[in-house]
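What follows is chain A paired twice: with chain B in the first complex and chain C in the second.
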Partner chain A sequence: MLRFFLRRFVVAVLVALTVLTFAFLLTRLSGDLAISIAGPNASQADIDTIRQVYGLNRPLWVQFFDWLGRAVQGDFGESYFFRDRVSKLIGERIPITMSLGLTGLAIALVVGLPLGILAAVREGSWVDRAVSLVALIGQAMPSFWLGLILMIVFGLKLGWLPISGTGSWEHYVMPGVVLAFSAIPSLTRLTRSGMIEVLASDYIRTARAKGLTRFSILVKHGFRNAAIPVVSITAVQLGFMLGGSVVIETVFALHGVGFLAWESISKNDFPVVQAVVLVLALLYIGLTLLADLLNAVLDPRLRT
Partner chain B sequence: MTALLEVQDLRVTIGSTAAVRGTSLAVDKGETHCLVGESGCGKSISALSIMGLLPKGSVRETRALRFAGEEIGGHGEREMEHLRGNRMAMIFQEPMTSLNPAYTVGSQMTEVLRRHRPVTRAAAVDRAAELLARVGITAPGLRLGQFPHQLSGGLRQRVMIAMALMCDPELLIADEPTTALDVTVQAQILRLLAELQKDLGLGILLITHDLGIVARVADRVSVMYAGEVVESAPTAELFAAPEHPYTRGLLTCVPVPGKVKRDEPLGSIPGVVPRMQPGFTGCAFRDRCPEVTAACSGSFPRRTIGNDHQFLCTLEPGWVGSAAA
Partner chain C sequence: MTSGVTVRAGGRARLLGNWAFLLGAFIVGGCAVIAVVVTWIMPHDPFLIDLNRRLIPPSWMEGGTPLNFLGTDQLGRDYFSRLLYGTRISMLIGVLTVITSGLIGITVGVLGGFYGGKIDDAVMFAITTRLSIPAVLVALAVAALRGTSLTLVILVLGLLLWDRFAVVARSTTMQLRNLDYVAAAWCAGVSPWWVLSREVLPNIATHLAVVATLEMALAILLEAALSFLGLGVPAPLPSWGLMISEAKEYMFFTPWMIIVPGAALFVLVMGVNLLGDALRDMMGTDLSR
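Let's turn to the complex of A and B:
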């Protein structure tokens, strides 16, 4: 188990280093940073000064290792636009994005898994087809549109929920539901197909021959085995939710990391962009590692 | 004395196929009843239907399905749950895949006892260890903590047997328990079943297509063909005086040292088991039978020889085949 963990950990670190390098290089490829910071009316002298101040006149590899050395210590430099520490900017916004992501994930799991199990148990029936239809609709519905509809119905007409901002837990309900909608279809489908396969297996027949309860057969013997691919996809989904919630954060005016990334990209605020990419990538890598470990807990055959 | 298990006129339809067409059989306490026949003739489906484990979309009908004197044909899922694993247990052909890969041997064994008896975890673990030792597994304590993938096929089948015995069942249905195992392990498992039967008074319904196994362990044999029992007799009598052309055909397929001459081809039955439609009349074996006559297409009664040898054929008992004459 320990060896398994160490091996996965080393791989994760290597991936993280690769991502770091790409995050750095990609921002440099997007044009001359000094020119875009200086703005359209700047003189050549201004641009030279900016190069000097930000150290952009140094060789690329010196800049890279300088940035890397600081990044490892949690220092991502200063934002050009916000005139603030990047680490502070991100630190302020991570809790918002995390709350949103975890709310979305929780809703997606609570809805998606039982739906998938139900569809598998009633394979081929109208229940199964209804679930497929819901999944299809969920997949096809644009999240900004769903967000707006929810705001109109529950926020404006019924007045049950606040439509924007981050003051209380109620603020996360609607964005959480919208975010969950994007994850539910794949979770449901994967749970369904996994369960159908597992329920046809010999050890389920054994469990039935032992006279176990229906619940024990479905959940303890069935879902436990069907959950392995679901855990992997859930980690990926949570990664998407944390990194890709730009649209939802914008619609609901949640100033999270996604919103920050979008702002910084449009303003060429490259220290922030680099740092956001890095933080999200690290979260993603961490989640994948967590999924691997969970799978090893679920499936003893993987622990070698 | 009432039989431990009594099945009368069992019929199973799966989709448009009549998988079992009027099987009747009985197993007494302490008796081994073998159900033989080629693949696809309804042996496993018969066994699964007794346990109430038929796949979705199958329909079961019986005139009587009695277990220990009680009619269980009308039992719902709840009532069957309390019998299964408890008073009637089943082991399967596929030891490699019949255990859940996610749980330890110990957890899977104790689970069935704790489901049916109010015992503590510790007591269940003791019982599991005792039974693993009983089925010839050394270091039961170690095995209890292991996962199925850490065990060989033979060990897994022993675990399955031990698990089936956790609640001290009266009836054990074994569906080709040794088919997937190599010959030495096969012999060990069969010896084990025989010993357990003697010690515990188990009634065993053993499904196999191996007549060598039948000869060694069965008290009584029922030969199935295309979903019905075509001949049933005490083992010695069946081997000495088989009546149904299909039984005779099966027996010529088995080499007997000293009886079959070297280089002489073994017998075989041309053709395969047909897929039966509901509403079929006459003998299902007639297309493959060397003794076929016009009467085989009609319906005809089951014949009885002595007091417990029955067969389903138009031929007179003790007939002499045209080919053999």
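Let's turn to the complex of A and C:
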């Protein structure tokens, strides 16, 4: 068990280091960073000053190890635009993105799991077909478009919910629903296929023969076993949702990490972009590691 | 987990009787035809600006004219022509991205699954790393740094979306590697290239086709999202995502300008997914897990 954990952990650290390098190289893609920062109207003198101030005149590898050395200590430098520590900027916005991600995940689980179980119990019936239709619709729905439609209907026409901003819990309802839509299809399908497999097994027949209640059979005996793959996909989905928050936070002007990233990208504020890519990647790596460990705890067969 | 490498008997016959497959084929086929012939069938020039005829509603609404079936946009360009032209952009993005990412992913995955050992470790590492990189964010950053263009969007998406191809190619190849007919080919003394191209690839092709539909749908949605954020396909090209973005300013006055391109996007992606689902049913396996 311990060896499995260690091995998984070492791989995660190596992946994190690779992503770190990638995030650094990504912002050097433009050729000359100083020209991008200075903007189109800058003179040669401005560009030279910027190069000097940000240390962009040093060799690339010196810049890299300098950045790496600070980044592993949680210091991502200073934002060009906000004139503030990048770590502080991100720290302030992480709670908003996390709230959005968890709201979306909660909605997706509340909708997706029962739908999946229902479809599995009534396999092949119209209920099953209706559930796959829901999954199909969720899969094809462009998230930003759904966001705008919800804004028009619930924000403008009905006036039930605020259209944009971050003030209260009501601001998270529409973005949460939109985010949930991206996770519902895979959660539903996974729960359905897992449940169908489990319901066909011998111990379910035994449970039935013992005369247990339908609820007890489905939830205690059935779902607990079907849940194993769902647990890991849930953690991974949360990671994807945090990554996908860029689009939704921009639509709803929700000032989380995604919105910060979009703002910084349009303002050529590369220390921030670098750091956000890195933080989102690290969150994802952490979540998948957690998922693997949870899986190993839940299902001893996987500990290899 | 079933091995599921073989196509179930009678699969093709079932495919043709499957309404989901027929609907999917109709939508995707229709869009493909429109994408090819659009320059001959569009009623107006989708780039022609006419500031005297701005924001005309669709023909069936009050104030609409039969001249512009879906009305005109904020610059007086014919919305229906732009919508039709957008089909070409979405199909182009979908197909070319899948070709690029497919080439990368299948090569990487087959190599890992076929050779195993250290090579497979490296492949798994590459897949894990790729998955932990937030795709939308990276695509946005690259577009901001290198300037937006259609080619760039295709290239970036192609370089980012190869992971599922690699995962599926790897696992299916692994299952095949130990089967008797592959062993038989080895015994006949053929080269590794022969085994890969004649024994392995044809037998994992259906699985890869399913992945191709999933990735095509994803690529089309991602391009729309990037263009919506202003860092995808550049104006004045009528990408559906860009059309929604341009209409956003007027969304509370002219909601149809948002609804129309979004609905087109939804229908096309739905069609691609229906095709994929039908293919998956035909194989009798579930790749979504």
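Quick notes on this one:
Just so it is clear, the second predicted complex is superposed on the first by the 296 of 304 C-alpha atoms of A that agree within 3 Å, B and C clash if a C-alpha of one lies under 4 Å from a C-alpha of the other, contacts with A are read in each partner's own complex, and residues count from 1 in each chain.
Keep in mind that, in the parts below, contacts are C-beta pairs under 8 Å (C-beta built on N, C-alpha and C of every residue); 3 or more make two chains touch, one makes a residue touch a chain.
Everything quoted here is computed from the prediction, not taken from an experiment.
In the three-chain model built by superposing on chain A, chain B fits alongside chain C with no clash. Legend: residue contacts after superposition of the two complexes on their common chain; A:Leu150 is shown touching neither chain B nor chain C. Of the two partner chains, chain B is the only one touched by A:Gly211; chain C is not.
A simple residue count on chain A separates chain B from chain C, and the partner touching more is C. Across the overlaid pair of complexes, the angle with its corner at the CA centre of chain A and arms to chain B and chain C is 80°, in steps of 10. In the overlay built on the shared chain, the residue A:Leu190 is in contact with chain C alone; chain B does not reach it.
Of the two partner chains placed around the shared chain by superposition, chain C is the only one that A:Thr27 touches, whereas chain B remains out of contact.
Of the two partner chains placed by superposition, only chain C is touched by A:Val15; chain B is not.
Using the contact criterion defined above for the overlaid structures, shared-chain residue A:Leu298 touches chain B, although it does not reach chain C. In the overlay built on the shared chain, the residue A:His221 is in contact with chain B alone; chain C does not reach it.
Legend: residue contacts after superposition of the two complexes on their common chain; A:Thr250 is shown touching chain C, with no touch to chain B.
After superposing the two complexes on their shared chain, the closest approach between C-alpha atoms of chain B and chain C is 14 Å. In the superposition on chain A, no residue of chain A contacts both chain B and chain C. Residues of chain B touching chain A in their complex: 51, 53, 77, 80-86, 89-90, 92, 94, 97-102, 111-112, 115-116, 147, 149, 160, 163. Partner chain B is touched in their complex by these residues of chain A: 201-203, 205-214, 216, 221, 224-225, 298-301. Taken together, the chain C residues at the contact with chain A in this complex read 125, 128-129, 131-138, 140-142, 144-146, 217, 221, 224-225, 228-231, 241, 244, 248, 251-252, 255, 258-259, 262, 265-267, 269-270, 273-274, 277, 286, 288-289. For chain A in complex with chain C, the touching residues are 11, 14-16, 18-19, 22, 26-27, 29-30, 36, 132, 136-137, 139-145, 148-149, 151-152, 156, 186, 189-190, 193-194, 229, 239, 242-244, 246-247, 250, 258, 261-262, 265-266, 268, 273, 276-277, 280-281, 284-285, 288.
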